[in-house]
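One chain, subunit A, links the two complexes that follow: it is found with subunit B in the first and with subunit C in the second.
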Partner chain A sequence: MAEWWFMEPDAFHAFIRELGERFMLYAPARRDGIVTFTFVENHEDVELSKRPFTSPKAAFLPQTEVLLKFSLRGERVHLSPAQRPESPIAVVGIRPCEAGALKLLDPVFSSPPEDVHYTLRRENALLVGFACTSPERWCFCTSLGSSPFDEDGLDVLLVEVSGGYCALAVTERGRRALEVVRDMLRKADEALLGEIEERRRQAERAMKTLDVERFIARLEDMGDDPIWEEIAARCIGCGICTYLCPTCYCFDIQDEAGLTSGRRVRVWDSCMYPEYTLEASGHNPRPKRVHRVKNRIYHKFRWYVDLFGLVGCVGCGRCAEHCPVNVDIKEIISEVVRR
Partner chain B sequence: MIDEGRMREVARDLLASGEVDCVIGYARGSVWYRARPVAISDPDKVDMLIFNPFCMQNLATWLKFEMKENGGLQGKYGVVAKGCTARALIQMMQENGISTDDVYTIGVPCPGMVDPRKLGDDVLAMEDARVTLAGERVVVEGERRKVFSRDDVLHETCLLCRYPTPPLYDVLIGEGIEGRPAEDKNLAHLESLPAEERAKYWEDAFSRCIRCYACRNACPLCYCDGCALECLDPQWVYRSVEVSENTLYHLIRAYHLTGRCVECGSCEFSCPADVPLMELNRKMARDVERMFNYVPGMDPKAKPLLGAYDPRDPEGFIL
Partner chain C sequence: MKDSPYLPRLARIEEIRVETVGRRPIKTFRVSLKDGGTFTFAPGQCVMVSVMGVGEAIFAVSSPPKGDGYIEFSVMKLGRVTSALHRAEVGETLGIRGPYGRPFPVEEWRGRDLLIIGGGIGAAPLRSLIGYVLSHREEYGSLTVLYGARSSRDLCYREEMRAWAERNDVSLHLTIDRPEEGWDGLVGMVPDVLREMKPSPENTVAVTCGPPIMIKFVMEALADMGFPPEDIYTTLERRMKCGIGKCGRCNIGPLYVCKDGPVFSYAEILKVSRNAGGGGVL
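Let's look at the complex of A and B:
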């Protein structure tokens, strides 16, 4: 049976500090008043209380990644490909839905041709999850097969309890990570186990379930429904919904070159931008916002399903929370299901 | 508070009589502290229109999407316009981006917009609530009732607003409000810092930017055909998201908006990364005002700043 360990705040800090010795720490930290996922140098900067506005996908798929540097030396062109990522990453404070999101990125980057930068980072990583004791109002992970205390895809799950945290070693890798601070842990007693259970129930109760299966089925014949025009009419095509989404993975590859040297970079791209589909001829197969709004939804809820047999959304709700014009995925799902 | 009934009546008449083809206004959001833009062409749908303290977006922006996607405006638009929205429309008229015949301005004197984040997580957690602005107070009534001081919860942009009433309108819903801008302490503080500290401040801010371009897209005055940022040859700004490119992006935008920005705050409101874009915009606006005695978006017949010449213009920087 899985075992829960109690750690006081001191032990928690020791744990993070130890992780920082062996991994590059990627965690929520406050930067000028705003909490964001970032590589942290100092373990004391880690702040779990607030869910960052960014998702942790950038640890594995950086927004900007240099693939290759090139330079002209006399008559010869010198190429130096980027080093393979060596240092393992520990993501601390990743939410259950976000761990689920990584499992959705995996098939994309491991199918041939395998993207070794991504897969190496993933294989070596340690995921220390943080259970959501108070889900955001935008969250709907329980409608997508996960839940606020879901341990699937994590190595360690942390739950905030009175007086500290409880930690569950989900995998062998997680167990070994906790081993380092073993002296500072004590087995969670009945009272603590009860508290965890109570918090889990409370968190799940706070969430309404949406009928995603029916939504997916309804999409089949909704391609021309006026609902897409209604949404597109207010969308400003900013791409916030895709950049903040933990499962969106589109990228562009561009050369940034000066006269004698330059580099090839991979940068995030977004299907919400008109240039995303603009062809060299000048033709754009998705010329209007309505085509792009529809693409985002259909990619996640139909085409990803067709490709990999999985739904391409984990219900974190970030796209709705941060959309400047309140395009709300939960509302879209319930509206379509209701019709 | 704005008489929503009157606003709807005006919109209904405009659509029913064929005076306008479409009304751009605000509708309720999916949660009580959000509002959303809506375009209505059916007179029977005007009851969707609202005007509450969360109508932060500048609706003039939606004309640009019409122009870009349809190769120009398709008919005449009624636009629900706060002071800053009307000023954006006027600025577009000054620049011949739109003509006075393209829009019918449904002016609303704006009491200011509430920044939901300033209400605090416990208040935002309420399932439903109604928010009203009454004089100096902002009252939130939901499962609980909470009263805030206006100064504590309005967007900074709105606390500093000088023109809450449209300078120009076809109809005004209710009585005009006088602007009573607060002192711009943040800008004064920033200006007082030594250059290195200011540079550090902006470096931190710009390094948070994720280059989603929401600030540009939400801006009514970023309506250029072929934005400099999309130009690939030459590529003025690389897509790499790092502080140098981000800074370049923001400086280009700040310069392109100088003497044009109407300080609506739509850009900063849309930013997910809390980049204090308005401090940059206000700095440019105050400089323009001081040096050229010019305020954009006040008179459709006035020349745009860059198109105007006055022998008294300062030219201390020209060698």
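Let's look at the complex of A and C:
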């Protein structure tokens, strides 16, 4: 049986301080008043209580990253590949659904030809998860095969309990990471195990359940349903849903250049923008917002399934939480199922 | 250590030929790899070409595979990268990634008659295909080429067309949209001319490439004339950035044009059209 270890807040801080010695720490921290995932220098900045505004996907697929540098001297061009990460990344405070989202990005970037920019960061990373004891009202991860205490994809799972945290080593990597602060841990007793169980039950009960399987099946012949026009009529095409979604990964590649040198960068992009598919000839295969709204939903719920046998949404609800016009994925699912 | 799939190989521009002039001129570039290596590709495949500091754009390889160190691609001047290429001179250095995509299934087509229908810059991948067929001539039946452009000045590869016209194993039909003084070819839009030609679908594979609207009408015309959808092929265009199925933008439903295409059969297109999430495939 898996073993839970209790750590007091001191031990927790010692743990992430130690992690900071060997890894680049990527964790929720307050920046400009908002709790967001970011690289943290000082382990005391880590703030686990609130679910961060952003997902941690940027640790592996940064919003902007250099793919290569070049120098130009007359007709001589010299290319230098991007820098490799110096030390591996430890994501602390990643939620179970977000770890699930990384498992959806993996097949995209690791299928040949391998995208080493992503895979190198990902392969050496340590994921220290944080169980959701009080899910947001947007959450529906249990409808997508996950749950607020899901260990899958994590190396360590932390649960907040009275007086501190309980930690579970999910993988051998996770066990070794905890080993460093072994002296400060004590085995969780019956009372603590009972508390973890109770919190798990409460969190799962709080979650709304949707019939995603039926939704996916219904999409087959819903291509021409007026529902897409109805959503498109409200959507303002801001792209927030895609930037904040932990499973969205579309990107653009651009050159930034001075007179004698420059770099080729990859930046996040969004399928919600018309320019995303606009061809240089002026032709656009997805000219209308309704095409783009539909593409987003069908990509996640049908084509991901066709391609990888996985649903491309983890039910984090971020897209609904932050949509300025309240386009709510949960409503879309229940409405399509109802029609 | 594994290499980045985005790292291009450096190539030298060996030769530049002006194909057409006007508002949207076309030039053909012949390049060689600076590392001395060879290009291995098949007709229908594409290369991602970069002008360092400006960016990347994808082009069909327009020369037939020869297994040597050279390839050609033809560029219509439209935006940033294509304009930078049009300013480039012989001797300059470009970046090349690829080849990418699924080529024409030329081996499957052995023993069949070929009907090749192109419009404008869409002739680029078809030129590679025709070159391939001509160097494996005995493996294929008859070869009919219908190529059209707005005006006679907008026809690409005129030297080669002239040479093909003189061969007795190629039947070449050139058409322009409106009559012109001194023009002895056909007049009319490609799909209309095609319907008048009434080609037989018997043991024939039809291949078309050109502007999306032309492709649509040509495929419909072919289907009307009894060509089964499995025997109609085209190469599709989508805006592309990565070229390797990662960046997401070139999808038609679950298919990525950059890696599952750009060559598709009409049967495949009809199948994916349902719920393709766009304003249609073409």
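In this section, the second predicted complex is superposed on the first by the 336 of 339 C-alpha atoms of A that agree within 3 Å, B and C clash if a C-alpha of one lies under 4 Å from a C-alpha of the other, contacts with A are read in each partner's own complex, and residues count from 1 in each chain.
The rule is simple: contacts are C-beta pairs under 8 Å (C-beta built on N, C-alpha and C of every residue); 3 or more make two chains touch, one makes a residue touch a chain.
A quick note: this is a predicted structure, and the numbers were derived from the prediction, not measured.
J.: In the overlaid three-chain picture, which partner chain does A:P285 touch, first (subunit B) or second (subunit C), both, or neither?
T.: In the superposition, A:P285 contacts subunit C only.
J.: Please work out whether A:V116 is in contact with subunit B alone, subunit C alone, both, or neither, and reply first, second, both or neither.
T.: The answer is second: A:V116 touches subunit C but not subunit B.
J.: Tell me which partner A:A90 touches in the superposition: subunit B (first), subunit C (second), both or neither.
T.: The answer is neither, since A:A90 touches no partner chain.
J.: With the two structures laid over each other on chain A, which partner does A:C245 touch: subunit B (first), subunit C (second), both, or neither?
T.: Neither partner.
J.: Count the residues of subunit A touched by subunit B and by subunit C, then name the partner with the higher count.
T.: In the superposed model, C touches more residues of subunit A.
J.: I'd like to know which partner A:Q254 touches here: subunit B for first, subunit C for second, both or neither.
T.: both
J.: First (subunit B), second (subunit C), both or neither: which does A:C132 touch?
T.: In the superposition, A:C132 contacts neither subunit B nor subunit C.
J.: Look at A:T36 in the shared chain and tell me whether it touches subunit B only, subunit C only, both, or neither; answer first, second, both or neither.
T.: First partner only, subunit B.
J.: Between subunit B (first) and subunit C (second), which, if any, makes contact with A:E331: first, second, both or neither?
T.: Once the two structures are laid over each other on A, A:E331 reaches subunit B alone.
J.: With the two structures laid over each other on chain A, which partner does A:V311 touch: subunit B (first), subunit C (second), both, or neither?
T.: Neither: A:V311 stays clear of subunit B and subunit C.
J.: Once the two structures are fitted together, what part of subunit A is touched by subunit B and by subunit C alike?
T.: The overlap between the subunit B and subunit C interfaces on subunit A comprises residues 252, 254, 287-288.
J.: Okay, in this complex, where on subunit A does subunit B touch?
T.: It is residues 31-34, 36, 53-54, 63-64, 137, 233-234, 236-240, 243-244, 252, 254, 256, 265, 267-268, 270, 273, 275, 287-289, 320, 322, 324-328, 330-331 of subunit A that touch subunit B.
J.: In the complex formed with subunit A, which residues of subunit C make contact?
T.: For subunit C paired with subunit A, touching residues are 1-8, 10, 50, 52-57, 78-79, 82, 91-93, 95, 211-212, 237-239, 241-242, 244-249, 251-254, 274-275, 277-281.
J.: Touching residues of subunit A toward subunit C in the complex: what are they?
T.: Listed in rising order, the residues are 67-68, 70, 72, 75-77, 79, 81-82, 84, 108-109, 111, 113-117, 120, 219-220, 222-223, 249-255, 257, 262, 264, 266, 269, 271, 276-281, 283-288, 291, 294-295, 298-299, 302-303, 306-307.
J.: Can you list the subunit B residues touching subunit A in their complex?
T.: Contacts found on subunit B: 29-31, 34-39, 57, 61-62, 65, 69, 124-125, 204-205, 208, 210, 212-214, 217-218, 230, 235, 238-242, 269-270, 272-274.
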